[in-house]
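In the two assemblies presented below, subunit A is common to both, partnered first by subunit B and then by subunit C.
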Partner chain A sequence: MKKVYVNEEWCLGCHLCEYNCAFANSGLSDMAKLKGKTITPNIRVEEGDKICFAVNCRHCDDPICVKSCIAGALSKSPDGVVEINKDKCVGCFTCVLVCPFGCVRPDEQGVISKCELCTKNAVGEPNCVKGCPNHAIVYEER
Partner chain B sequence: MKIVMIGNSAAAVGCIEGIRSVDEFSPITVIASEPYHTYSRPLISYLLCGHTDRERMKYRGNDFYEKNKCSCLFGKTVTAIDPEKKEVSLSDGSSVPYDKLLVATGSSPFVPPMAGLENVKNKFTFLSLDDALALEKALRKTSKVLIVGAGLIGLKCAEGIYGRCKSITVVDLADRVMPSVLDTDSSDIVKKHLEEKGIEFILSDSVASFADGEATLKSGKTVPFDIVVVAVGVRPNTKLIADCGGEVRRGIVVDETGKTSLPDVYAAGDCAESHDITTDTDKILALLPNAYMQGETAGVNMAGGDKRFDKAIPMNAIGFFGLHIITAGSYDGEETVLTDGRNYKKLIVKDGLLKGFILVGDVQKAGIYTSMIREQMPLSSLDFDAMKEEPSMMAMNESYRKLKLSGIK
Partner chain C sequence: MGINYIYPEFEVIRDTTRCIACRVCERQCANEVHRYDEDLGMMTADDSKCVDCHRCVSLCPTRALHIEKSRHTFRENANWTGDKITEIYRQASTGGVLLSSMGNPQNIPVYWDKMLINASQVTNPPIDPLREPMETKTTLGAKPRTIQRDQDGKIIDNRSPRLTLNTPIMFSAMSYGSISYNAHASLARAARELGIYYNTGEGGLHKDFYEYGPNTIVQVASGRFGVHKEYLETAAAIEIKMGQGAKPGIGGHLPGAKIVGDVSATRMIPEGSDAISPAPHHDIYSIEDLRQLVFSLKEATEYKKPIIVKIAAVHNIAAIASGIARSGADMIAIDGFRGGTGAAPTRIRDNVGIPIELALASVDTRLREEGIRGDVSLLAAGSIRCASDVVKAIALGADACYIGTGALIALGCHVCRTCHTGKCNWGIATQRPDLVKRLNPDIGSQRLVNLVRAWDHEIKEMMGGMGINSIEALRGNRLMLRGIGLTQKELDILGIMHAGE
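Let's turn to the complex of A and B:
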């Protein structure tokens, strides 16, 4: 399946992917409306001394978060997307306990938010990749 | 091939999904004493505090059994397994034949003998949906609730009923809350947080006797109550296997494929032992993720596939009133502690490996630590100084990052 892959050599650390993610999932009409808001994007840039890169859900073939979810709120779609049903999630953080990449986090309401490759918002495909100025993240088969 | 499972919780669901990943058609019969669609047991406290409801707490969707071609015998209890005839007997006198059998009978609350408990009208345990519904029915705004046991179940019960009763007092023989997973300092943070909410703790003490509306403790203290919840621990339901000659230690003995000592009989979940890789010992890991993964492994193998459950570790994620706690592994080794009084982190290292951790408060990205334990990553292969400060992919080495983030082998 197509996933978001990192080219860590190219990441500028501009954090635009975080804003594009937050915007795509916000339902707002204009990105400028994010100004002044605390965002909880599903992709996060990690910055080191020499390199930086963005990390989002790996949509694992054998997802331990799905198997561990005590509420049955996480599942893998027929297309391979690891999805969260926020209505069922109780915010126990068992997925935070097991995700090997640190890619699941609580949203403002305390339930889990995660990358669903923009399949559930109006954009339809990863907005983080669309807005990356340097091809430091790409959406492709590998 | 006829597949039968005894039990209908996480291990059974994992088993069904494991079977169907290999074998689409073999008929599966699910037998369970509880008359309910599969539900998440750990969610009963969330049910009481209103964070979920009966519909949303179903562990799988309403079409689960139909989709997986399962026939259900709910509200029926298996009384015996005949491994020679390969059939199970039910309490209604009928029997069900099997080619492969999963025993996923779970655990039962342990209620130690306590003088006078038999005369207490409103006494409950807290493990099943029926337990929660019975407790809820007895609960009044004026109730004084005494919880015996300050472990995960007792404290989750306290959170569940908080605000729906007059007072909550928790008594435990241990000197701290959640003694099985927390050390003294982290336990103190959690206890203070709960005390700030008005929950009262009496530790290093136990109930000597119950009388009408009042419990007398060993120390001589008295605690008035209308409702008692006994939450001192659980015991694995191993009787069916023991009765027919299968090997049982503390739990049902299984190998890495989920097989018991009896031919074509598998076991998984709270009733069975797992191999804890952090201590290299077999023990009961009564945790939902463990149950699912052990059940799934059994299912794949029952259906003719090949899978091993060989990365089991103790691990818990739990929270009370917004304070989150994540722990994993075992705690014997060299310790590193980072704390600011509100957030607490302890990492335990032995033999060049991360063996365990305790996080209270800031638990973000804890799974990176868990993964280091499960995968037994040599600390020499990563930047452990950076990892101690904050779990990150940056602290992993380049080839690991390329593999996991860039898909480059």
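Let's turn to the complex of A and C:
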């Protein structure tokens, strides 16, 4: 399946992907309306001394978060996307603890939030990829 | 020096209703203009550090930023302008030579803008390049004076070494050191895809780019940096740099701070040592001396590579070019005074040399008069800004054009003219690894390819309009040009008639 990958050689650590992600999932009409809000993006830039790269859900073939979900809220779609049904999530955060990439996070409502490749918002394709200024984030089959 | 006399040239204007404090501007500004103020809970800017490169403006996701020229002013004075006064303040505080980058920004006539192109009507119909064949392929090098045939009457190939271009445009000399690894990678890849050539400049050729050799022109300049046998053999042509349009008569100086890692290895000089290119070639004091170097290079490459001699456009350009044409060189590249540079003394850049348009026309005329025009190809450089500049240059007599600044602008350069600081926010004129990576050659090479393809389409459109279907028929065809608002002397030098004539 097509997934979001990051070529760390070209990642500038500008953090634009985080804001593009937050905006795509906010449902707001203008990014300027994020003003004053604390964002909880589903992609995060990891930074070290001389290296930086964005990380988001790997949509694992055998996702440990899905296995560990006690409420049946996480599932793998036929397309391979690891999806979250927020109505079912009970907020136990077991998935947050088990995700080896740290890509599942609690959101403001107390349930979990994760990357669903922008399949459920108005953008329709990963907004982090669209907005990356250096083509460091790509959406492709590998 | 207690008082700072210099007020910031630019003001960073932030629309606070749109700024979401994402801090992208702060992370992307190598000049450290932007800062998030924890106490105020908002972004602030130090205008004095801004160079107006637009990196923050381009990356701001909410379009909250723009840069304005400072409204701060001196009392109006046509003689003592703000620029002149500020330069004196600057020199009075440092005691140094003023440095500048890119081409001459002064308001000196741009003759391209004072020439108009012809089009066919009624008697000689225009040609539609989308429906009919149109040729912009160009061959550069000395043309044979005679046609020789063998015993069977077949033509003997007595052509000298040459370059073949799909479009009469090449990327001008910009050294690895003055521009980044990724900028060079972008130029090399684009040249290969376009079937044209890029030029290494005097900084040598990085080992990674030897594979682009068939599309590479290597330079031999006064510092002889990076010159060795393999370097010469890899290239498609060799350029001897006698002068540069931005700084005629002076050499170059790449500070030791920039001679790091691969730049040092490629230039074949120790890390941290200044790379000083002398003003003259110390072995060239006459046309005869130049001829020796031309033939040394030909000998070293077994007479397989054409040799280009690059000179700056200066007052006696026609006589100089005539001498070079007799030195055995295959091409002469003329660099006008608006040509770019990574660093030059401001006074030299702004006051020395002459416009390429006049230089090109006078050289072409002189070589024709002397019957030696066919012995060399002429390459025009020094601020070719668009496809119509290329068409006008070719109609004035150029065989092809070099574009440098135009190519860098395609890569993202915003002509902020602070290359010499080494902090290029666009990853072009810098060696800082975190800045260099901002230019992804996948994007850069594609943008260059797009630019040259677009110009090629436009050149064909203009040729078609004139009823010309081959670039050869446009070359030196000055009847296709008319001057507008020019004196008789200017028209005489350009060898064109005034509009309406």
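Things worth noting here:
Keep this in mind: the second predicted complex is superposed on the first by the 142 of 142 C-alpha atoms of A that agree within 3 Å, B and C clash if a C-alpha of one lies under 4 Å from a C-alpha of the other, contacts with A are read in each partner's own complex, and residues count from 1 in each chain.
Basically, a residue touches a chain if its C-beta (ideal position, glycine included) is under 8 Å from a C-beta of that chain, and two chains touch if they have at least 3 such contacts.
For clarity, every value in this text was computed on a predicted model and none was experimentally measured.
Upon superposition of the two complexes on subunit A, no clash is found between subunit B and subunit C, which fit side by side. Of the two partner chains, subunit C is the only one touched by A:Asn20; subunit B is not.
In the superposition on chain A, A:Ser68 contacts subunit B only, with no contact to subunit C. Once the two complexes are overlaid on the shared chain, A:Ala32 sits against subunit C while remaining clear of subunit B. Looking at the shared chain after the overlay, A:Asn42 reaches neither subunit B nor subunit C. Taking subunit A as the reference chain, the count of touched residues is higher for B when subunit B and subunit C are set side by side.
Touch criterion met: A:Cys99 reaches subunit B, while subunit C stays clear of it. Judged by the touch definition given at the top, the superposed model places A:Arg58 against subunit B, while subunit C stays out of reach. In the superposition on chain A, contact of A:Leu12 is made with subunit C only, not with subunit B. Superposition on chain A leaves subunit B and subunit C with their closest Cα atoms 17 Å from each other.
In the superposition on the C-alpha atoms of chain A, no part of subunit A is touched by subunit B in one complex and by subunit C in the other. Of all the residues in subunit A, the ones that touch subunit C in their complex are 9-10, 12-16, 18-20, 23, 30-32, 34-37, 50, 131, 133-136. Considering their complex, residues 17-24, 27-28, 58-59, 61-62, 64, 433-434, 437-438, 440, 442-443 of subunit C touch subunit A. Interface residues of subunit A facing subunit B in the complex, by the touch rule stated above, are 3, 5-8, 46-48, 51, 53, 55, 58, 64, 67-68, 70-72, 87-88, 90-102, 104-105, 110, 142. Partner subunit A is touched in their complex by these residues of subunit B: 14, 40, 42-43, 46, 51-52, 56-60, 288-289, 292-293, 296, 315-319, 322, 324, 326, 328, 363-368, 370-371, 375, 391-394, 401, 404-408.
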